[in-house]
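Written out below as structure tokens is the structure these notes cover.
By written order: A, B and C. Residues from 1 in each chain.
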Amino acid sequence: MTHSKTIFTALVFAALALYPVFTGSYGVDLVTKIMIYAIFALSLELLVGATGLICFGQAAFFGIGAYAAVLLSPEGSAPSLLWLLPACVLASAAYALAVGALSLRTKGAYFIMVTLAFAQMAYYMVHDTPLGGGTDGIYLTMKPVLGSLLDLDKSTTLYGFTLLMLAGVFGFLALLGRSTFGRALAGIRVNEQRMRATGFSTYPYKLAAFTISGGIAGLAGFLFAVKDGFVNPEMMSWHLSGAVLIMIILGGLGHLRGALLGAFAFALLQEFFKSEAVFGDFAKHWHLGLGLSIIASVVFLPRGLVGLPGQLKVRLMGRNSLPEVRREAV
Amino acid sequence: MDFSIFLIQCLNALQYGLLLFLVASGLTLIFGIMGVINLAHGSFYMIGAYMAYALAPIVGATLGGGFFATLAVGVVLAVLLGYVLEWAFFSFLYEREHLQQVLMTYGLILVFEELRSLLAGDEVHGVAPPDFLAGTLALGDVMTYPVYRLFISGVCLALALGMYFVFTRTRLGMMIRAGSTNREMVQSLGIDIKFLYRVVFAAGLGVAVLAGMVAAPVSSVYPNMGDSVLIICFVIVVIGGIGSIRGALLAALLIGFVDTFGKVFLPQAAGVLVYVLMALILLWKPDGLFKAG
Amino acid sequence: MKPSDISLGVLPATSPALSAVPATPAVPSASAIPAASALPAAPDILLRGHDITRRWGGLVALDGVSLALERGTVHAVIGTNGAGKSTLINILSGEIPPSSGRVELLGQDVTGCTQPKRARLGLGRSYQRNTIYPTFTVFENCRLAAQAATQQPWQWWRSAQHCEASMSAARQAASRAGLNELLDRPAGLLSHGQKRQLEIAMCLATAPQVLLLDEPLAGMGAEETERMLALLAELKTGHAILLVEHDMDAVFRIAECITVMVNGTVIASDTPDGIRNSPQVRAAYLGDH
């Protein structure tokens, strides 16, 4: 990692750590939600940004993690975090393994649409059958605990735990990115043909990335279920798959901090367009502003927010900067 | 299962399948020929349905016409919209990566939905079929079948035949087929590829809009109605093979039957059935049933 | 002026001076040292194609093509466009399956093996179009290629830079291909000739025994061609090289064996002198097609 990137990332995490000190419960709640989206976005970044696999069904893994949290929790007692969290991550990873094994036989546009359809399968499973409580969703009766150490009912504790998870996922993906496995994924993204010609069987690598990505999305879903205490089929909706895709592109593909930036930017855009203070009655039509912003970001920010300093540099100083050589994805 | 009930379900399946084919054909053409993934295609269907709802009184008042006049006006407006939309928006998507196309057309869905909300509100509305098509046909002693549904099937079938004729018998069809296999060659032969794309796009949009208009009396109009149609159409395009009209027809009919009979025999699993079917087909043929053509 | 295709009278009448290129040894068909049993030593065949046929629907792209690559030799395949050279190389490398026929690598039947599997068994391939990683540095290009031979995907916490095996293999390959000065340059910024060098370097990074080179001289100037030919001559020892090329001068200088293909079949397969004097080849290129 170059120095400026490390410093930037460190500052972001420091700011997040100190944030609860300066805000009230609404702020803490909002940023917890954004951090969960950031974990969700990081999971997709591994697939799209690092490996070049455009998955349009990430919400399924998110939703499975959430539903598993509720369905696996016993009725009367608070479940232990120690087994519930891994169980939810494994559940999502398992579905990702199955979906990946089938989808990775296809390429390009087919792959995009196949992943979408598999997510729809999961959606209808919880929407149409009594399995997931139908359209009403189900409630999480008691939040998981870690003995007497962690009471996730308290919003600041949950905030801290989520921040810890975010930092852990970020660190894990940063290490993964520069490992031999991560470099292989990058090679697959840039030139899969050459990878195969030198002797890499690319399918197992892609499947592994797909599974890990699903597991991380499941972690995000688990946290979301714990936070809201409630799950419903909309957590598997393809609109959510679209939203997380927008987050990483808005932030900047190929950079872990892009996923962070994108999650924040997207959530703040939503809050902005929904705010009645700014738009009054029109606020209920916030999808319009969001849709236009998405279109504008694709046109004007081709490299996302992460690429904005570079874009400005080119505009101000002319085209004399070499293309970025991405040795590491952070 | 009683024979007349079976017959009714078959007719329903046929009607549903043909309607899906109409919408999916536009999607597969735009995808196969221009290489654009268009998520907003479901919105075109929605626009058609809302046009059937909103235009009928206007056409009745100004032109004194009825159902078919409304359809005609709707199609003309759709083609115009297609022309403008292609020029102003979609032409920018041809050279872009799939990911950018996905995002921009996703943004377009949001914009269309809110425009719909602003112009036509958020309530569910019924659309009445014209009187001369509103009756029923007797099937055997007890059962009857709505004439309008037969009308829908008829319209879709007629359009399908029309498309077949255009593709195989006309110069335009030949250029379209050539354009889908080799864009640069067609351009170097002096054929105006921009014009060709505009025509294909407007036709694809027009067909989807027409499908929405014709189906409105059966489906009603309601917010986000384009969503489910969109996803199913993508499944059809994937199963049938991108760019293949033949494949779209076969896949649409297949899905029409699986979905209709699935709802009868396994109501809870019906939603999932279509995706299971897709998974099985792709396991067998990762590029869909037919290649483009 | 380099011929990009075989045309009238371009077959070199005599071998050009071999000043820059070391003398090519005669095809070792019989060992110089007679063994006690007086049997000639078997040629060391590293890659063999048996009766390879490939059909695309009604079109026959390859019809019963056989060839053998011996260690220490360059075996060139020449022919007009559409002769089936690309198809042949794709079948040998494993990218397309043959309709019938066999491919044997180091004595093993690899007809059913995927390309990565064959690569791991010792088959390297370079492409006619630059198949490099343009956004990585030259060194990282070589290192990632070398990593294919020592894949250790489980150690996710360890940086790839700590994999000494791939790092040293990359340095060696880059050095052999003459890229020492360019290691930190993003590969996309290299000149065409340098990219072709990188193409070869990546091929060498996994230390394969058989090299399939698809038009490595394409688009190269005279000086770069000399450098590449010197490299190929040096690479011969220990490797078997299949060379698909259009540059006739280069082919006749460097190859021990030349196979001539027309319309998917082999019309001649012999030493350069044999090809020069072959009536079939003359008929195909100088007479009526």
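In the analysis below, a residue touches a chain if its C-beta (ideal position, glycine included) is under 8 Å from a C-beta of that chain, and two chains touch if they have at least 3 such contacts.
Since the model is a prediction, treat every value here as computed from it, not as a measurement.
With chains reduced to the mean position of their C-alpha atoms, the one farthest from chain A is C. Nearest to the global CA centroid, when each chain is reduced to the mean of its CA atoms, is chain A. Rounded to whole angstrom, the centroid-to-centroid distance between chain A and chain C, based on C-alpha atoms, equals 45 Å.
For the pair chain B and chain C, the distance between C-alpha centroids works out to 52 Å. Centroids built from CA atoms put chain B at 33 Å from chain A. Those residues of chain A whose C-beta lies close enough to touch chain B in the complex are 48, 54, 56, 102, 105-110, 112-114, 116-118, 120-121, 124-125, 127-130, 238, 242, 245-246, 249, 285, 287-288, 290-295, 298-299. By the touch rule above, chain A contacts chain C in their complex via residues 172, 175-176, 178-184, 186-187, 190-191, 193-202, 205, 208, 322-327.
The touching residues of chain C, when paired with chain A in their complex, are 93, 114-117, 119-120, 124-125, 127, 131-137, 140, 144-145, 147-149, 151-161, 163, 166, 186, 188-189, 202, 205-206. For chain B in complex with chain A, the touching residues are 31, 37, 92, 98-100, 102-104, 106-111, 113-115, 117-118, 227, 231, 234-235, 237-238, 242, 268-272, 275-276, 278-279, 282-283, 286-288.
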